[in-house]
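Look for subunit A in each of the two complexes below; its partner is subunit B in the first and subunit C in the second.
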Partner chain A sequence: MIKFLLKRAALTLPTFVALMFVTFTMIRLVPGDPIEVRRGERGISPERLAELRHDMGLDQPIWKQFFDYVWALLHGDFGTSIVSKTPITTEFFTLFPATLELGLCAMLFAVLIGVPAGVIAAAKRGSFYDQSMMGIALVGYSMPIFWWGLILILFMSNTLHLTPVSGRVDLIKFFYKPITGFALIDSVLSGQKGAFLDVLRHLILPTIVLGTVPLGVVARMTRSSMLEVLEEDYVRTAKAKGLTKFRVIGYHALRNALIPVVTVIGLQIGSLLAGTVLTETIFSWPGVGHWLVQSIGRRDYPALQGGIMLIASMVIVVNFLIDMLYGLINPRIRHGR
Partner chain B sequence: MKTRHLIATAMLMSTMLVGAAAQAKSLVYCSEGSPENFTPAMNTTGTSLDAARPVYNKLVQFTPGTTTVEPGLAEKYDISADGKVITFHLRKGVKFHSGVNGFTPTRDLTAEDVIWSFERQSKPDHPYAKVSAGAYDYFNDMGMPDLLASIAKGADDLTVVMTLKEPNAPIMANLAMDFATIQSAEYADFLMKKGTPEQFDQIPVGTGPFIFVDYQKDAVIRFKANPDYWGGKPKVDDLIYAITPDATARYAKMKANECQIMVAPNPADLAAMGKDGDIQLLQQAGLNVGYLSMNAMKAPFDKVEVRQAINMAIDKAAILKEVYQGAGQPAKNPLPPTIWSYDDSTVDYTYDPVKAKEMLTKAGVTSLDTDLWWMPVQRPYNPNAKRMAEMMQSDLEKVGIHAKLVSYEWGEYRKRLQAGEHQMGLLGWTGDNGDPDNFLFLLSCKADGTPAGQNIAKWCNKDFDAKLLEARKITDQAARSKIYAEMQAIFKKEAPWMTIAHSTVFEPVRKEVSGYKVSPLGAHEFQNVDVAE
Partner chain C sequence: MAVETLHLAPPGPLLAFWRSFRENRGAVIGLAIVCGVVFIAIFANFLAPYDPLEQFRDATKLPPIWVEGGDWKYILGTDPLGRDMLSRILYGSRISLFIGSSVMLVTAIFGIFLGLIAAFKGGIIDVVVIRIMDLIMAIPSLVLAILIIAVIGPNLTNTIVAITIVYLPRFVRLVRASAMSELSKDYVTAARVAGVGQWRLMFSTVLPNCMAPLIVQAALGISDAILEAAGLGFLGLGAQPPTPEWGSMLADSRDLITSNPWVMALPGIAILITVLSINLMGDGLRDALDPRLRRS
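Up next, the complex of A and B:
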């Protein structure tokens, strides 16, 4: 097991190095200079530009900039934002809880609706319910997030007045300083009556918007996986034993059908992060997705490098842990067979 | 019985009054983004300047909704006969905000704060000069390092003497700009001793109408009314900036009354906003100009006849209709009409492709392959540069000019224009302070006769430059106006630009809002705003 652990850890290292290199170079391939891009029609004299570039170290040879960056990273220094002059880690960890909270809610929404919908569709294969459910799932999967978000705001908030338009909490009624960064937890910690429910109301639309695509994927995956499992011998045996349909499907079949579904949920995390960029912009959600897009516009190299590195590191670490978990569950992986 | 009735009524009335007093009046402004920091001297973007403005004051300020300069922290000022020495007399008893970030001021505003605020930008050895990697762009752009000889305490603590190297008439308009904000030297000292000087630019303490309460990045900025404000307590108790990056979401929030004032509406939403009974769509002529510059250093644009012909070859009215969709007025001068000294007697070139072609032939241009650059971004003075360039290309084709459309990433675009790589290029300008100099300097040249950085037409005219310098040395506005009118005449005759349009600025506010004025300078100010319950 230790050998396997070390082997996996060794494989992770080159991924980090490649990541550092790719983030560093890709950002610099985007045309535009972080100083000039902020000057607009005011322009800047070549002398002043040279002075500012020198202050930021942008006049150094590119290889030196890269090695300085790597050296700083090895010392845990992700740099300072060119725009706000704040350390990247401070900015990132201020905003990340909002993204995580929204992502978890969206995933919960996708699983809580997608799995039962997929199971029922499989159990009633070929029925009107099955056809329509899978049709809706396909639409959900193909839904353009921006359009979907705006339609929901216009309908739910402006027409029916059921949900707030955007933000995380009613700014007039409630005021508390974030402690954890998770609005659901902070609202409870604030002790302000009604704050938690208000945060929940604010979460409804962004959760639906961000969760729609994974919901489609989860529902379709659950259905196809269930259909496969329902053909298995042990299901037939369970049925022959006279077990209720609910017990056969809910207990015997579902547990086995969920394995690929869980894998798909894991894979959805990447697309979920991509979805947060738009969802956060529409719903004024103070998360890292919107922050990264702004950083591209401003050519804030350190923010982009640091932000992408931090997100990618988390994905790598989570993948590493999942690999470990698979190794524990399945000895064939552990022993390389 | 009657007495009991009276007592009960009185009790009910008092409860209602207490209730009303207890309920704070809030104003929510849907802003566009997070500020870079809260020190205006280090910022150039409207979003950042708007975020700090409620907290601070300047020596002089713009009357809300205008470009007129009025007294601010300086209740009056005197200018010496030679125009080089300005003596500011500060208001007495101006309080800095107390209780923010653990700071309690021990004194009122004095000359020390004014000197501190300017010297941070002018002296590299100032203890705060390098804090937050300070770059003081506006101070430099407005030519302050070359202009400011010294700033010192006058006869008493409430007198500041600013000495200039040469007389400069636009200086008062410059000093009403945000970079000239006055900050607290005592607060700076307090933080320096605490070892956290960078907090100075993140947690602001000023003398302004609102006190900073809290800021959560990409979410919200909170202020509360300053009860001791020298200009009188603001009408709302709480001012909240709800950071809402998407324009459609801002409009939806306005409709749901989640915010009462919003920045930058989507042009496509303006028609609906105009019809919405809950919204007042305020508008004002923008202090801007969109133009097509012709590179006078490159043939055949070095010939005045060619530049004039291009002015006549392009159908401006069609551009106004198609690109600005009615939200703009044709520009005939380099100055917008809202600026004093605007010469309304200027006669614009009429759209006449036949005459334009004749003029071109006369100038020896029968067929020309050239380029036409368009900005890749939407700007207040030009909502759709690409469409504009396409329309111009089509018009020019009719007179035998084949223009290739060119564009680059925005920063790169501006840099290449400055380097003079273009032959014809679209750009524009939004005024900083309402002084005519702030527009006409765009066409100035250096003493050696080479174009200054902003002059992308690369057009130099000695007479024009001499008049620009002359007007700077005169403080009498009527005399300056006369010179600027002459400069506008030179400009029109020489035609280094084809002036296209001055756009209209729209600002939607809820019907409950009163006292809000649209600033021609693009500022958002709330000290006089009230919200009906």
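Up next, the complex of A and C:
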């Protein structure tokens, strides 16, 4: 097991090095160097320019710059934002809980609806319910979520006035200090009446929008995996024993059918992060995705560089952990490779 | 009485494929809509009543005809600049399909090449190719596309470049995996023994036998590319105005959500219909071509 673990860890190392190289090169390929961006329209004296270049290490040979960059990264220094002059890590981790909260809610939404829908569809294979459910799942899977978000705002917020249009909480009515960064928890901790419900109301639309595509994927995957399991001998045995249909499907079959579904959920993390970019932009959600898009608008390349480095590292680490988990659950994977 | 002998030849591969594909009603509907969209894209200049960029200053913000105040001259209404929505939507299909198919074409060419090289050469080449693909896959697709666009600048060509880079790994890995499973088979050994050269072995012996999953992946990849391109357009990082690209049309109409919801709704409906029909078709392709991946 330890050998397997070490081997896997060693395999992710080159990916990290390459990632550092890519993010390092990127900022040097961007039109206009970082100093030019900072200089603005009024111009700057040549002495000050040289000084700034020296401060940022831009007068060093390129290989030295790369090693300095890697050295800084290894010490947790992901650079400083040009706009806010704060470290990228500070900015990122202030905003990240909002993204994480939204992502978890969206995944929960997708699983809580997708799994039962897929199970029932498989149990009633070929029925009208099955066909319409799979039709809806495919629509969800094909949904341009930025449009879906606007349509939901149009109906739910502008026409029916059920949900707020943007943000995480109504800042005029409620104010609390972020303790955990998770609005759902912080609002409870603040002890203000109605704050939690307000946060929940703000979460509804972004959750639906971000959860729509995973919902389609999970429902389709659950159905096909369930259909496969229902053909197995042990399911027939369970049926022959005279167990109720509910018990056969809900207990014997579902447990095994969920394994590939869990895999798919794990694989959704990357696309979920991609989805947050669009969802957060629509709902002005103060998370990492919205911040990345804004960084491009502000030409804040260090923020872009650091942010992408952090996001990609997280995805690599999460994928590594999922791999480990499979190795633990399934000995065939552990010994097979 | 003479007995008539029937010579029942097995159906050709195309016919067999069609019979299998036909069973899936959704797939056939999807195919029909895809054909319709392709037709619209090709003949947009004949079908569209106006130039998509022409501004009718005396007819701005008109609703579609089924809403009160609509004008038959502009069936789907006009945008705030007085441009005909129908013409813009029709021309938009051209851009979306162009992006989708060019991404898939370039991805397929590079993907097949890299995947086969990795599978055949093995060793260090394989490791390098696969590590690079892993790296690309580690960055969320849209985030990577944004990064690439930030470096090379937003326009239509760069959208295609960015999305191609993002989708390359899927194809490379699929080609490599399919080729590897073929490599151990007897017919490949036989071809090798017969003295078939490396390149010929790659492209004319092994590749045709890996095609089924690749076709399915290509079809589904087109719809993903269209969605991704529209997403980039929505963020202002794709095709630039006044190009009638569906995603950027949506972005332009965000502020009209209360006053002119149709200007916002229509491009999205166009995207959804196109992507949905390609996915329906792709599901059918998968069932017909690749029974192992059968979903139902």
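General observations
The rule we apply is simple: the second predicted complex is superposed on the first by the 295 of 337 C-alpha atoms of A that agree within 3 Å, B and C clash if a C-alpha of one lies under 4 Å from a C-alpha of the other, contacts with A are read in each partner's own complex, and residues count from 1 in each chain.
To be clear about the criterion, contacts are C-beta pairs under 8 Å (C-beta built on N, C-alpha and C of every residue); 3 or more make two chains touch, one makes a residue touch a chain.
Here the structure is a predicted model, which is why all the values come from computation and not from measurement.
Shared-chain residue A:138: touches subunit C; no touch with subunit B. In the superposed model, A:153 lies in contact with both subunit B and subunit C. By the touch criterion defined above, A:164 lies against subunit B but remains apart from subunit C after alignment on the C-alpha atoms of chain A.
Contacts of A:290 after superposition on the shared chain: subunit B is touched, whereas subunit C is not.
In the superposed model, A:281 makes contact with both subunit B and subunit C.
In the superposed model, A:65 makes contact with neither subunit B nor subunit C.
Residue contacts after overlaying the shared chain place A:48 against subunit B, while subunit C stays out of touching range. Of the two partner chains, neither subunit B nor subunit C is touched by A:192.
Touch criterion met: A:308 reaches subunit C, while subunit B stays clear of it. Overlap of the subunit B and subunit C interfaces on subunit A comprises residues 30-31, 150, 153-154, 158, 281. By the touch criterion given at the top, residues 14-15, 18-19, 22, 26, 29-31, 125, 134-135, 138-139, 141-144, 146-148, 150-151, 153-154, 158, 220, 223-224, 227, 270-271, 273-275, 277-278, 281, 289, 292-293, 296, 301, 304, 308, 311-312, 315-316, 319 of subunit A touch subunit C in their complex.
Within the complex formed with subunit B, the subunit A residues making contact are 30-33, 35-45, 48, 52, 55, 83-85, 91, 94-95, 150, 153-154, 157-158, 161, 164-168, 171-172, 175, 177-178, 281-284, 286-287, 290-291, 294, 299.
Of all residues in subunit C, those touching subunit A in their complex are 26, 131-132, 134-135, 137-144, 146-147, 149-151, 153, 223, 227, 230-231, 234-235, 237, 247, 250, 254, 257-258, 261, 264-265, 267-268, 271-272, 275-276, 279-280, 283, 295-296. On the side of subunit B, the complex with subunit A involves touching residues 26, 28, 33-34, 36-37, 44-45, 132-133, 135, 137, 140-141, 198, 201, 214, 216-220, 222, 238, 240, 242-246, 248-249, 252-253, 255-256, 258, 379, 408-412, 414-415, 417-418, 427-430, 453-454.
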